[in-house]
Amino acid sequence: MIDTLFIGMILAYGFGASAALVFGRGSIGRWLVAVGSVLGAGAGLAIGIAVIAAGTPVEASIPGLFSFAGGLLVRLDSLGAFFLILIGLGAIPTALYGASYSKTYEDGRGSLRQLGLMLNLFLFSMSLVVMAGNIFTFLFAWECMSLTSYFLVITEANEPETLGAGSWYLAMAHISLVFLTILFLLLSGGDWSASFNSLRSGAAVLSSPLRNVLFVLALIGFGLKAGIVPLHVWLPLAHPVAPSHVSALMSGVLIKMGIYGLLRVVLDLLGGGPAWWGGVVLGVGSVSAVLGVLYALMEHDLKRLLAFHSVENIGIILIGIGAGLIFRSYGLITLALLGFIGGLYHTLNHAVFKGLLFLGAGSVLHATHTRNVEKMGGLIKSMPWTAFFFLIGAAAISALPPLNGFVSEWLVFQALLGGFQIPKPEMAIIMPLAVGMLALTSGLAAACFVKAFGITFLAIPRSPEAEQAHESSWSMRLGMGMFAVLCVALGVLPFAVVPQLSRVMTGLGGLPASPAAFSFNLTLQSPAAFGQMSPPIIALGLVVILGLIPVGMRIFRINQKRRVSATWACGQISQTPRMEYTATAFAEPLRRVFAQLFRPTKELSIDFHPDSKYFVQSIEYRSEILPWFERFLYRPLLEMFHFSARQVRRLQSGSLHLYLLYTSLALVLLLVVARWIK
Amino acid sequence: MSFLFLILPPITAALLAGLVRPYRSWVGRVNSLLSLIPIGASLVFIGGALTGGPAPTFGPDELLRADSLSALLMICVSAVAALGLFLGPTLGGEDPYRAAQLRRYQIFVNLFIAAMLLAVSANNVGVMWVSIEATTIFSALIIPLILTKTSVEASWKYILIGSTGIALAFAGTVLAYFDFVNLVGPVENALNWPVLMNSAPALHPEIIRVAFVFLLIGYGTKAGLAPMHTWLPDAHAEAPAPLSALMSGVLLAVAIYAMLRWKAVVDLLLGPAFTNQLLIMLGLLSMVIAAFSMVIQRNYKRMLAYSSIEHTGLICLGLGLGPMGIFAALYLLICHSTAKSMLFLLAGNIFHRYHSTQLSDISGLLKTMPVTGRLFAAGMLALIGLPPFGMFVAELALFRAGFSRQYIWLMVAVLVLLTVAFVSLVRHLNKILYGPIPKGISVGEPFGWRNALLFINLGILTMLGLTLPAPLLTLLNQVVGIVAK
Amino acid sequence: MAPSLFSQLSTLGACLALLYGLLLLWRRNLGSYVDAFQGQSVVLAVLFGVVGYFGHDPELYFVATVFVALKVFLMPYYLRRMQDRFAVERERDPYLNVPASLILAGLLVILAYAVMRPVVTISSLPTRSGLPLALALVFIGLLVILTRKKAFTQVVGFLILENGITLLALLGTYGIPLIVELGVFLDALMGFLVMQIFIYQLHGTFESIDVDQLNQLRH
Amino acid sequence: MMSFLLEIGQGLLALALAPGLVGFVRWIKARLQARRGAVPWQPYFELAKLFGKDVVISSNASWLFRAAPYIIFGSTLAVACLVPTIFAPLPGDGVGDLLAVVYLLLLGTFFLALAGLDPGTAFGGMGSSREMTIAAIAEPTIALAIFGLALGAGSTNLGRIVTNTLANPILALSPGYLLAFAALFIVTLAETGRLPVDNPSTHLELTMIHEAMILEYSGRYLALIEWAAGLKLLIFFSLLANLFVPQGLATTLTPTSLLMAGFIFIGKLAFLGVVTAVLETRVAKLRLFRVPELLSVSFVLALLSVISSFLLR
């Protein structure tokens, strides 16, 4: 049954891709592309569910392809199946959304053929990444994924900053492939057709310094794709320029391939290592979480803000996985399982609410043709549906109770709280620090999304575009709606998903083959009854109380009359948008609190009225924050390469005699080497 | 017998071009058709090589011989030659060449192809050297097809560096032959490869080491290995596009073929360590120089030329990594010839449209020339080693060879250099493909048969990327068997 | 055993050829370069005869005659015609002044001896003592191309280099098989003709055959 | 079934006591400042007055402005049901633990801040921005305080914490608990907008945070929000009281023990109210950018509590 689904997936994606080529620009083309990717993603979803239900990995190989390197081996175990489901859940709504969102490209701003073709290939290559069975297939699919997503990022190639962002993205994606090539070839001792099974058995016998090197390579290689802090610089560059449904896919699903890779290599192939591995992952995760949200706070480009939040949520996922790794190394199996489940569940939740937020941002961009939050405002009146869905996404990402963000963060918290069972105190002390940083992150995330939602949707429109904004078409709302429903469902009914996650983790890296008896009936119960919570009942309670209040008010015949009048503006006649709070002002207290990190620079240029110094024509306030990583890590690196390039360039100086001198020197040197150096 | 079908067609084409005094355009068409015959001949030789059995020989004291290595190179040379001729400059076409220039071009390009085919099929070491020297001379004559300051400069540098290099190679051949004669005495057809290979273990190591240095420097100059690469960017940037496609695509391959032949002989005596060490040193040096020269490059033809230097360096480095490395190097050689010849021909189209070789003058290629733009983009992506194309597989095979021999730091250095090249080529490619259409550049391009031909190249590259057909795999393994006993 | 007449003659011939080569480094005007090349070719032709006579190989006589026709008559004639055509008398200040280049030439001869020591030790040929001198001549030819600024001088330097290799082949192997020998001569001739064409083109476009101007193609 | 009734009853009790607590604290402050001050149950009259008035809504406001009071009041009431006030082992203990309580309160703050932004006045924006800043910085302290408590008590569920501390009372005197108590007390002042952080009794733009957000509200919406704010104060006080000094909580369902527990609970609230009032009269309001220093003091206290409970275990 799974084979037919697999072929069905290939055919569906093939159909979508060819439809893009054949029909191209028209609306039929856009819809056929969407149908192709929806069917393909649906088939992938079904395969994933089937494999998790069956519990046994599925293997298949296409002998024709890659005959030189062990053939195209497809092996889907439960971990891969989970991520296949993730791709499916992420792809279906975005494809529907994309069908009408890409209407803006019909005027030639971007090539629709390329967008449709590459979208389907991108989804297929991601599915292939999680289904890869041997090294070559994995590396092939990994680079295909980077290439197709690069083409998606540069769909609007005529915008000035797109190509720059695209080059950054492809360069860092390629560097991630470089690390993975070194990793896998070291792991398999140079046999590029080794299947993951043989690697697993081979890895156990490797010397521990080599395993440490492999771990570091895996962390950097997959970290580049996941966007952990020092390696995250491509995320805020690529997401704003990509079409919104593509950034939803990239942020929701593409960076999770980094998480998949990390789990596959560190936990499955290397079988989990010493405690410091988990410590490093936890450390990197917490730093990514805090820095991600802090930089997001200072952003006023809606999609850059969301991109930084992806860095933050990847940090939270890594905190969960790091904790799991630490517990596994100390043999606390149930706690380790809880950590991994927290991480995986947050991966799923993030895919859902980040997808929703990006689609919302896409609708806003679609309506107001600008990403700058300072120019928006009052969109909730002209775009009620988008605003409602964006609110659900914002609440979910800020981990507010009835929604899914809260459940996964609660699981991660419980895993961290279990830290006191770690025998060695100096390792155990990391856990409270992580708890502190995680809590700070969720607090700041809430502040950031109050700013994002409040400034974008509430109060008075700040620019003419924001005034004439119109609601997005039905298929865009349908896409967002599906994600919103998923957000609420995953938040209210975790007991349906979390037990399956424990089945996903079974058998990886020495975790118990049989899924631990996580008695997840109505309530979520962390092991040793350390913490217990029942999201459905909380949600039910909230709904009941919210229902009771108006009823109670009617019973006690509270005054129901309501009048609408102008906002109190300290006695001024009319209230103009310029009197509203701006995003910069909203984030100003936090910029001042974290001034050590941001080192804000402030430029104030006032040009006075020609007649008198007391009247002002215009004031321009510009505040920049210090991009640490770009300035102190990437710029020196690029500078070094440019310097060496300038030196090497001088070799080809144009003088024939110099060229002949090179040949003669080479001749003399090699003669000396040949004659006298054995 | 089929040797005649291999060598004669280009010679007759040259004669035909010579005889028809005022150049007619049908001469060009006849010559292109004639160039298909060598492809057939090389396919026959490949068939012969695949079925096993002794390699066919021809001529007085076995002058020509076609074993699997020669057959592989023959097919490469003849295929790229046919492509070069079909898409070569035509009378009245977009090219600004007058009839006399075209006549000279047709004569010497066909002689050039004949010399390469002779070099690859020569069994006699001396004849191989003579024909490689002939390729230098013939190609030098048609670099300055249009007499400008830069093309004259490029041709002078090319002829001088090329000739000195190849003369040193002859000195190496003489030293090796001296050692052989001194040991065995003047035996019948002593300069033939099989004879040399049989008696190689008995030669004297010190002399052969010196001889191999001369050979490496000589043929390295022809292959564009650093530090003898300096002529390559100038010659390829100034030569007419089809010629630089031929030179970059296959002339480098022929020079590498010569080095590979001599490496097979020398390894039998000294063991692979000595030659591998030299090849890896020079290969890495060429990659360093080429990769960093592409970062700040303003001329797209020179960019392609530096990428050829880089790939030659990578191939030589591959040759130094044992049997698996040689397999990867040959695979890379095939992919590079296919991709680079396509790219140079497309560069020719771009030059006809934009009349400038400066990267800063070229933009909006996808809009002005949709077909050429897409082909050029695909070719460049293949060149930098992205998946669906063969170069990705070849480079990975090379890393496999490197890692299995524990040259880890060398492989890391190679990966870094490839990444430097990757980033700079992507940036240049984006600069060309997108952006506004410059003033005065006409838009639109018919999907003529000339572009259709290039899709064959793209097809081959994609096929090589996805799967390796069984005959090609056995051929490559046979070649590795010959070279690394 | 006193060295036989044959080895005496061959070493003498090699020394003369080397001296002619050094002449290029010493003199300044181009006319003397052509004479030096012509003298060297005569010496080589005689050597071909001597080796043919002592080595009992009649083919070498034929090769000697071809060599004389080519390198003693044809090429010098063209060179002198070219020199008159461009009316260029003196080699402007080369990269390396005369004493420095002569000292360097000395070092190169020592290097040639060092490199060829194993060849001389294992070879049983009577002409083995001339081999290092032949390699030295190759190095000097390379030095001339490297340091002289006139294209004309570079061509003559290249011809000296080729003579050195022919000498090496002659002394080392009593002449390589005929087909290859003829092929080499044909190549030498074609190479010379092409270089001549290029010098005319160079003179046409740059109005001088000074190689220093060729620096527009860079980076 | 009986237990759920008790749960709702406890929630309603908290609801009823909340305005009284606020009034009591104001009354004590007035007394300390030698003023007669309004009677402690004055807030009840204010609520009744507000419920009677018409609602005036700004023309810029959206449906969120109207829905926010219900969400705020609802979430705070839900928390009230979870927090043990008079009866210890609540049946609903498994429903929500300390983390759920914290995040439900964050839900309320989230929507309050949004409602502040909606009318589009400068005050609302300023209030929301400052409120969210303080809430964000207070989060880590609360989390670590919970960590410290949970370590000591072995669970994050409120009922289990109370029963464990009842079982061995010496726990309450361990350094972990004391430091956690201090940290939580500072956070209470920050979260509920009491003096050192925010001045509840003034409408001066420069100093008000909580008041600025609800400037635009009127009528029954204002009533709901004020009531929710009072309830939030009561929740924090009952957390402080019952988690650290659970003695006096009824463990059996007999009416007498419930009544007894009720009086003790009111006594604890009164004591805490007096402490807060004394504190507010003695200390002046901190500048906004001094508040993070105060909160970092509480963060360090919470961290020390966790470390000490680690080392002592």
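For reference, chains read A, B, C and D in written order, and residue numbers begin at 1 within each chain.
Quick note on the criterion: a contact is a pair of C-beta atoms (placed from the backbone, for glycine too) under 8 Å apart; a residue touches a chain by one contact, two chains touch by 3 or more.
Fair warning: this is a prediction, and the values are worked out from it, not measured in the lab.
Common neighbours of subunit A and subunit D under the contact definition above are absent.
Sorting all chain pairs by how many C-beta pairs they have in contact places A-D at the top.
Comparing the CA-atom centres of all chains against that of subunit D, the greatest distance is found for C.
If each chain is reduced to the centroid of its CA atoms, subunit C and subunit D end up 102 Å from each other.
The distance from the centre of subunit A to the centre of subunit C, each centre being the mean of the chain's C-alpha atoms, comes to 70 Å. The centroid of the Cα atoms in subunit B and the matching centroid in subunit C are 31 Å apart. Between the Cα centres of subunit B and subunit D there is a gap of 79 Å.
Counting only residues that touch two or more partner chains, subunit C has 115, 142, 145, 211, 214, 216-217, 219. Across the assembly, subunit B contributes residues 156-157, 160, 164, 168, 206, 210, 233, 293, 296 that each touch 2 or more other chains. Residue numbers of subunit D whose C-beta contacts span two or more other chains: none are found. Which chains touch which is summed up as A-B, A-C, A-D, B-C. The touching residues of subunit A, counted against subunit C in their complex, run 649, 652-657, 660-661, 664, 667-668, 671, 675.
The residues of subunit C lying in touch with subunit B in their complex are 115, 118-119, 122-125, 131, 135, 138, 142, 145, 151, 154, 158, 161-162, 164-165, 168-169, 172-174, 176-177, 179-180, 183-184, 186-187, 190-191, 194-195, 197-198, 201-202, 204-206, 211, 214, 216-217, 219. Residues of subunit B that touch subunit A in their complex: 156-157, 160-161, 164-165, 168, 206, 209-210, 212-214, 216-217, 221, 227-228, 230-231, 233, 274, 278, 288-289, 292-293, 295-296, 381, 386-388, 392-393, 396-397, 399-405, 408, 411-412, 415-416, 418-420, 422-423, 426-427, 430-431, 433-435, 466-468, 470, 473. Those residues of subunit A that touch subunit D in the shared complex are 377-378, 380-381, 384, 387, 391, 395, 398-401, 406, 410, 413-414, 417, 420, 425, 428-429, 432, 435-440, 442-444, 446-447, 449-451, 453-455, 457-460, 523, 529-534, 537-538, 541-542, 545-546, 549-550, 553, 556, 558-559, 561-569, 575, 577, 579-581, 585-590, 592-593.
Subunit A contributes residues 64-69, 136, 139-140, 143-144, 147, 154, 157-158, 163, 166-167, 170-171, 174-175, 178, 181-182, 185-186, 189-192, 641-642, 644-649, 651-652, 656, 658-660, 662-663, 665-667, 670-671, 673-675 to its touches with subunit B in the complex.
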